[in-house]
Every structure is written in structure tokens, then in C-alpha cells.
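After this come two complexes, each holding chain A, first together with chain B and then together with chain C.
== the complex of A and B ==
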């Protein structure tokens, strides 16, 4: 099993859509996949046609009884599973945070129990917050970290000031028409050895996918973005294979 | 009524459709067509009646169907055994079975022999006795070794001399040639270079024996006419023999030089001036080359690109300024291209000079792969790479052999240059090459005395003791000459130039060259003198048939026993050595086409080398209409007519002549027929097939994507591109209206580029895009994403069919027949009208002939629709 944690280097880089698309792509490659939403905004579920009002999720299920957190697990397709966050009230969210701080290895244990059932676990983490900060659970060291960014000046600034450590960098919404984006990609390619050689293009299909409440691979199987994500999944299979 | 409409839809005339639909209705009335048997037949009728499957319905079709039905029911077994041969009748099948039985017997003997031959080199290489012997020879010291090899050589020479000169009677000769032929046939299966050498030795022995026999016992001294004509033929044969031997020397051991890596430290890399001489070519041609040159992988400060404009055109100056390359013009045009280059040399300062004709587009890796040798060897003056063409030359597009068969230039660039390289005799070919500046200065610049400045420059470099190298990797590509006339003009220039060098600066004489360099140059020059000998061969049998001259004064059987082995051995060796670069017998076709045209200029150049002006090859442009180039074809029509008359004489001589001449008549007639077919092949080339596109499209397979105005992106495969447009095959079908503005996404070395374009047409998944409105930078990027890709031309010859000498022989013969067919097809009406009805009638009659049912494939649909 390989755990991949995806988070944006800043907000709004399209991480959730990438998680949904990547999960679907890995599934089409014959992998058993679980996508876990760790973002309190609870949007990942919308990529899998859940109703806007549906409030179930691991956070809600675990509220009454700690052991029942995994009951919120949904099967999207045979071999493709989803664990939504669930909708919590503000005070409940604060309580969850306290609980997580008291048990920092909560998710380490939970991932342990999921270990045998999946080949890939994709974690959709909120942006801006680095590991260990409030709201973000501690993860085991073996997790493969993937930072989603756009080729723009803000991301470049954040990369320059904060850096990305050993995390992989994935460029989303790449638009080759933009000279700036092309130049930044060239620059990052030289500076960052962990830049993934596969970008995801800015494609209208990616935007349409969420509106259609499905992952992009399902919504537009012939789009370039779909092929990009498929290549990314293949790359992960090769890369994750020798990491594990 | 629906039936009538369906017939009409398939193109039937109203009356025909009416008759046929009434007929069908009657058939339904009288026959039980709804029974399962009939239904099965009707369901697959296209398979059982292939001749009707995709044709326009006509009144003759019921009869055709009837003939086919009768044939299917009575002659062809209804349900043949699996694997049985369906294509022949019973008698033929019986013969075939007999044949295959005896063939199987032969195979049973042959197979183990072939296996043994394949293993033999390894067995010999691993043999203990051989290693011991070698050690013993080595142990005896250098003198001993030398003596041993000299003795071996002398004994070998003595045996060879014996083989060549001893006179044999008919049976002895028969046994001799069968033995040698058998040896060569077996050696064919042995891999490696040593068996090739053995086959060459066998071939040389047989050829020398043939020539010896011709000189000593086939001249008719008693008759003056016989003697003179005989001597002429014999001299032509001696020429061919000489060229054959020299070509063996030249191609016996192709060097296959590897790439020399450049040092890590870029400061050691030399500075390069890349020059693009142009005279009257279109700016659109030059532009692509310049843009590709700008993208070469080389430090920016060490590469300068220059356009050398001999036409002094303002548009070129402006373009050079726009893209930031150097521009050098001059006004006197003296010395043509060489003069142009020399004029520019005065202004250049780089260590190396790379020369590109304006229509040869370099790939980005060109300098990286060639310059290494200059750093390795301080005496290296020239690194040449092949001239590769991404459009079909006139032979290819008139014969439809583009990319399926090696083209005319492939023998030279694939084999001969590599063979020359072994002897340090690589020729400079005027383009796609890098030269050392100091070496050029040493010999006083490019040679200007002849019209082939390139070969002459190389010759002078070699004379001055400089080295040369050949890299057999296509690193540049260009347009081939697009009409036969232009092709012929170009060859005339080369031929004239080479012969000029032969006279003015003979490589066999003078100082500074090694023996093998002399031979390589001499062969290249002799090769261009082939015009006259070829014409002699094309007319030689007429000497007997028309004039009753015994040009070869020998019994026909004996002649066959001498000449056939000579031809067979030469073909076997050539097939083995040259097979991948030129298919057997195709050289004859190329030579025959050019023979008449290069004969006169080469002879003129041979006797007065100073005459004749420089002639620039015309490239680019379209042929106006589908037509035959009568201008070019005329001499061959005359030759064909002569040979036909000869054939008539042969019939007459056979009917009324003395019986002791029968053999000679038969042999002469066979020769005439062979000549006729060769001439026919030349005529087939003269029938120009129309070229539709102004920009040559290059077929590729590159990942690409299309961006639509609504922001959707679709991946696909770029399947061809040209200067002004590209074709992309999308993964799924997409309905794109013409003139939709789209963006084409291409990738180069991990970077992506976007090119705005317009949809021209959409056919299923294929979308044609015009890229007319690119900005300058986009255009440069586009050229570098397409034409200048480093791996562009590497797998080009993968689709060649392998050479099989006998097959190739029949291909050439079939081509000859096609040549005549085309001549009639394109002939003016007064020639055509007496013949055309015969052709049409025979075609019409043939259409009633039963056909073999075959499974329907998309392929067969293409050929009939």
C-alpha cells in the first residue's frame, strides 16, 4: 500500500479535483484505491455525485464512537472507495481538533488498519497549513507527499520562501499559451529535482467535471487533462513501486 | 422500387437499374431465395463475387455472376481442405503437388546444409586447431608470419590465375561454374564479413574468367565489321568489369564510425560558422533552414548563422535582420556556389564551417554529433553526414516506391561513403557537412575550377594530407528534386563535374593520396562515365539481329555458360553487400534512365573539360498535370522502337535463317527483351505522377494536443507536418467546423509550445490544420518542434522491404511492362486510338473471368472504390 498525501502549496490550486481524478485513474489501472478527504470543507464527495446535503463522513461518524469512524466509508465502484470528511458544526470541529492534538498518531493508526485493503490511499489535505499544525493530523513518515501548485508568481514566491522540502511538486492548470507559465516550468525544472515530469493542463473538462459531479476521467475520458492524470497515475505506479 | 433506388445509388444507369431490379424480382418469384442456403449466399455475396462487389452495376453483371457461379460450382471445390491451394485449377494443383514434393526433397537436403552454414563461422572461430595454428604462426615471429602470408598469397594468386586463364571445354566449364555457383549459394547463408570476402573473391574470379575468355576467344578477327562492333562491346564490358571490381574495393568494409563525445568543458568546444548559400531559391525554402539552424544545440556565443545570398535580394537581407542572422551578399557571382562560399570565408572567423544547402534542414543535434571528431583528430578537415530527403524523388513518386524501397541516394550515403571512410576518402557532398577552417585556408578555399566544387574540395583536402570522416546518421533533411527533368539536370551537372575533375586533377596521378584513396575517387568518377557503355549494352544484340554481325563470336551455349555465372555472382554479392541500400537490378534502372543524358556531357567534359557552365538544380513546385515527360522519354522511345525492330528481325531469322544460328537468335532475343523491359522501366519513370501539395508533408508520429476555442483540450497524434500546416489524429472523433480557430500543442525536449491555427478539414479523427498566421518566434519554435527534432529521420528506412534478388529481378521486369502501358495511356490520341480499343476490349473480356472468393478486408475496399 502506498499513501499519497496531496495538498496545495496555496489555496485554490485544484487539489481536490486532482485527488478525485487521480483516484479514478489509478482505479482504471486496476488498483484498489481509497480517497480520504481530510479537508474540513468536505468537497471531495461532490466529485462522486453525493448530494450537497449529505453530511456523513469519518469526522461525524467518529464523533459519537471513536471506533465507528470507518463506517462512513463509501464504495464508488468496485475497488474505488471514498471516505468523506462529513459536515461538522464549528464547535464540533474545535472538539475534533482538541481530540486530534491529544492523540497525534490517530491517523497513523487508522491508516494501519486500512493497510491490507487498498493498494493506494490518497489523502486530500487542506492547503496553506503545513504538517503538524492545527487541523492537520500527523502522518507516518512513509507517506508520499505531493504538493499541487500552479505556474504563477504566487506559487513561485511560496516555493522560494517556504520551499517544499522533499515533497513532490505537481503543476496543475498548466497553460502553455502563457509565456510566464512556460518560463516558470522551465525554471522549476532546473531548480527542483522533485518536480514531477507530468503536468496537468488547464482544460475546461477539469472545471466541467465538478459541475457534473464526477471525476474528470469519467466526465471527459478523451480530454487532455484525463490523459495527463492517467500519465500521472502511471508515473505514480512506477515511482510508488520502488518507494514502497 | 427500393431495389431500383439502391442500384441507382451504386451508380447504375436508369435503364440498367430497371432491368436489374426486374430481374431480381423475377428471381425472387422463381427461386426460393428465402431458404437458409440462399440467404447464406446472399448475405456473403460480396465475398463470393468479388468482381461485382464494389463495381457500378451494368447489364453484363448477371452473366458475370453466372460465369462465377458455374466456376465456383464446377471447377473450384466447394469446401476445400484447410490450407489447400485455392487459387489454381485441378491440373495445376497436381503439378504443384508434384513440384512441392520434389521441393520438399530438395529442402530436406538443403535445410541441414543451410543450418550448418549458419553455424560454420562460429564453429571455425571456436575451433581448437585454428587457435593452435594461429598461435604457432604468431610464435614464429614477424618474419615468419610475413613469409607465411606471402606464401599463402602467392599460392592463392597462382590458383586464381589458373582459374581465370585455363581454357575449358563445354563440360569442364559447366562443372566449374556449377561448383563455384554452389559454393557461393552456400556461403550466402554464412553470417559475417569473411564469407562476404569469399563471395567477392569467387565473383571476381568468375568475372575475370569471363573477360579473359571474351578477349581470347570471342572476337571474330576475320570480319572487319564483326571485329569493330565486337571490340566496342568488349570495351564497354571491360569498363563495367572495372567498375564492378572497384566498387567491391569501395564497399568491402563499411567503417560505421561511431559518434565521438564532446568534452564536458564547454570552453573547449570550437566556434562554428553555419553558412547557408542560396542563389535563386524561394525565401520560404531558406526560412525553414535558417530557423532550424538557430535552434542547434550549441553554446549561443559559439555559433553564428549566415545566409550567403548570391542573388543579392532585399527580402533576404530583411529576413536575416529580422531573425538576427548574418547576411553576406556579393554581386559578381563568379565561381557560383564555391565562389560564394569563398567570398564569405573572408568574413568568417570561426574554427569550423558548417555548410547547408538552403533546403537542407538540420536537426538540433547536428553539431553535437559531428564536432567531436575535430577535437579528437587535429588533422580532421571534414565530417560529412548523409543527404536525407523527406519528399519522394522522381523515381519514388513515379514508381510509388517511396519509403518502401531504398532510394537512389541510399547506396551512396548508406554504403559507399562508409566504405570510402575506411580508406579516409570520404567525399564532401556540398551540404550537411562540417569543415575545418584552417584546412580550407590551407588549400586556398573551396575549389572553383569544376562544377562539382564539393568533391574537388575534398580531393584537394586529401591531397594536402587532411583527414575526413563520415557519420552515417541522417542529421538533416531536405526536398528531393521533384521532377525527372530537374533530377536529370542535377545528375548531368554531377557527371560533368566529376569527369572534369578526372581530367583537370586526376586522382590517379599527382601526389598526396594513398592507393585506396585514388581508387575510391577514380571509381566515383568512372561511375559517371556509365552512359555510353549502358547505351552500348542496350543496343548490342541488335548488331547481330539487324546487321548480322557476330559481336560475340562464340556458340550460344558457351556464352551463356560464361556470362550467366558472371551476372549471378555479381548479383549475389551485390545483394549481400548492397541489399539494404539498393535492391538488386534497380541500379540498372537508374543507370538506364540517365544513360542517354549523361553520355554527351561526360564525353564533352572528358575531351574538353573547361567547357560547360554551372547549373543550379531547380527544386520545389508542382507538376502541372498528370503526364508523361515526352521530352525525357524521346531517346528511350527511339531505343524501344529499335529493339522492337530487332525482335521482328529475330522472328524472321528464326523462321528463314540457317538452323545453326537458332541458338544465337534465341539468346539475342532474350537479351533484346531484357533491354526492352529496362527501357520500359525508364519510360515508367518518365510518366510523372502529379504532386498535389505545395508544401511537402512529412509523415511522423508525435504526441500532440489540440485546444479548442471553448477551452477544451484534446490529445492526439501528429501524423504529418509541413511548413504551413499539420495533421493531427485525435483520440476520439470530434466535429470541428472548417475555419475553427484552434491551438496546436507540441512538445520539444520536455517543453511545450502552442501554435495558433485554423481547421482546414476534418475526416473522422483526422484534423488538418493550417498554420498560416504564426509570428516569427512561433515559426522558429514550430520548425524546431518538427523538422529539427533530433530523432526525426532515424527510423526512416524501417519500412523497406528486404532485398531478394530474384524477386527484385521480376519487379524490374514488371516495371518495364508497366512503362509501355503508361506510354500508351499518355500517348497522343492518334497513337492511342488504334490500340486503346484493344486494351478496353481485353479489359472488358477479362472482367467476365471468374475470380477467387476472398475474405473482405478494408484493403480490398480501398483498391476498388
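== the complex of A and C ==
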């Protein structure tokens, strides 16, 4: 099993849509996939046709009884599962934050219990957190970290000042018409050895997918973004699947 | 030029070197360097992150209109 943690270099880079698209693409390639929403804003579920008002998720299920967190696990398709965050009131989020602080290895243990059932676990992590929201839990060292960014000046500035460590970099919404985007891709390709050679192109289908409450591969099977994500999934199989 | 194009070009060069039987040929990808330089000329932020001084050199496209502390 390979755990991939995806997060934006900054907010709004399209990470959640990439998680949904990538989960669907890996499943299409015959992999057993679980997508876990670790973002308190709880949007990943909308890519899988859950209702706007649906509040169930691991954070809600584990609220009363810690052991029941996995009851929120949903099967999207045979071999494709989703674990939504759930919708918590502000005071419950504060309680979860305290609980996570007291048990920093909570998700390390949870991922271990899921280990045998999946080839891939994709984690949707927030880039930044609003005040009062529980922080990102500690994850095992073996997690493959993938940062989603757009080829724009803000992401370049953040990469230059904060760096990305050993994280993989995935360029989303790439527009080859833009001189600036081409220049940034050229520069990042020289300076960041972990820039993933497959970009996801800017594609209206990616935006439409959430509005259609589906992953892009289901909404628009022949779209450019779908082909990009399929190639990304194939790349991941070669790159990250060796310890599967 | 996309990354794939670059890879293709590098492959082409590798094949050419093989054909010519000159493994030691000191080839430098000058055009790639010049593209990076051009990118830094176009965008001061890229130049700055690459450690180019924006003061008093050919890259200095922005003159004295920078924000100053008051």
C-alpha cells in the first residue's frame, strides 16, 4: 500500500479535484483505492455525489466513540472507497483538535488498520487552515507527499521562500499559451528534481466535474485533464507503487 | 517548448553523439541556458529567485519605481 498526501502550495490550487480525479484514475487502472478527506471544509465528498447537507464523516463518527471512526467509510464503486471528513460545529472541531494533540499518532494507527485493504490511500490535506480548525495530523514517514501548485508568481514566490523539501511537485491548470507559465515550468524543471514530469492542463472539464458532482474521469472521459490524470496515475504506479 | 520537446531534443542529441561515436563531445545545452536567461529577463521575480541582482545590470528593467519605506 502506498499513502499519498496531497496538499496545495497555497489555497485554491485545485487539490481536492485532483484527489478525486486521481483516485478515480487509479481505480480505472485496477487499483484498490481509498480517498480520505483530511480537510475540515469537507468538500471531497461532493465529487462523489454526496448531498450538500450530508454531514457524515470520520470526524463525526469518531466523536462519541473513537473506535467508530471507520464506520463513515463509503464505497463509491467496487474497489473505490471514500472517507469524508464530516461536518462538525465549531466547538466539536475544537474538541477534535484537543483529541488530535493528545493522540498525535492517531492517523498513523488508523492508516495501519487500513493497510491490508487498499493499494493506494490518497489523503486530501488543506494548504492552510482557518482559525480554530484542527491541524493536519501527524502522518507516517513513509507517506509520499505531493504538493499541488499552479505555474504562477505566487506559487513561485512561496517555493522560493519556503521551499518544498523532498515533496513531489504537481503542476495543475497548466496553460501552455501563457509565456509566464512556460517560463516557470522551464525554471522549476531545472531547479526542482521532484517536479512531476506530467502536468495537468487547464481544462474546463475539471471545473465542471465538481459542478456535476463527479471526478473528472467520470464526467469527461475524453477530456485533456482526464488524459493528464490518467498519465499521472500511470506515473505514480511506476514511481510510488514499488512498495505496494 | 514543452518538457517533452526538451526530452525529445536531448534524446536526439544522445543519439547523434552515439552515431558520431564521440562520447566525450563537450556538448552544452546552450539554448536551454539562454531560455532560462530570457525567462529571468522577462520576469524580475524569477531573476531575483535565481540570485540575479536587479541593481545596475542588464536585467534591471525596473528602474527607480520600486516601493520605498517612508
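In this text, the second predicted complex is superposed on the first by the 234 of 244 C-alpha atoms of A that agree within 3 Å, B and C clash if a C-alpha of one lies under 4 Å from a C-alpha of the other, contacts with A are read in each partner's own complex, and residues count from 1 in each chain.
One rule holds in what follows: a contact is a pair of C-beta atoms (placed from the backbone, for glycine too) under 8 Å apart; a residue touches a chain by one contact, two chains touch by 3 or more.
Because the structure is a prediction, the values reported are computed rather than measured.
Look at A:190: by the touch rule set out above, it reaches chain C but stays clear of chain B. Of the two partner chains placed around the shared chain by superposition, chain B is the only one that A:225 touches, whereas chain C remains out of contact.
Contacts of A:78 after superposition on the shared chain: neither chain B nor chain C is touched. Of the two partner chains placed by superposition, only chain C is touched by A:156; chain B is not. In the superposition on chain A, contact of A:180 is made with chain C only, not with chain B. Chain A uses residues 176, 182, 185-186, 189, 197 to touch chain B in one structure and chain C in the other. Interface residues of chain A, counted against chain C in their complex, comprise 153, 156-157, 160, 176, 179-180, 182-187, 189-190, 197.
By the touch criterion given at the top, residues 1-3, 6, 32, 35-36, 39, 42-43, 45-46, 49-50 of chain C touch chain A in their complex.
Contacts from chain B toward chain A in the complex involve residues 705, 707, 710-715, 730-732, 743, 745, 750-754. Listed in rising order, the residues of chain A touching chain B in the complex are 174, 176-177, 182, 185-186, 189, 197, 201-205, 220, 222-225, 227.
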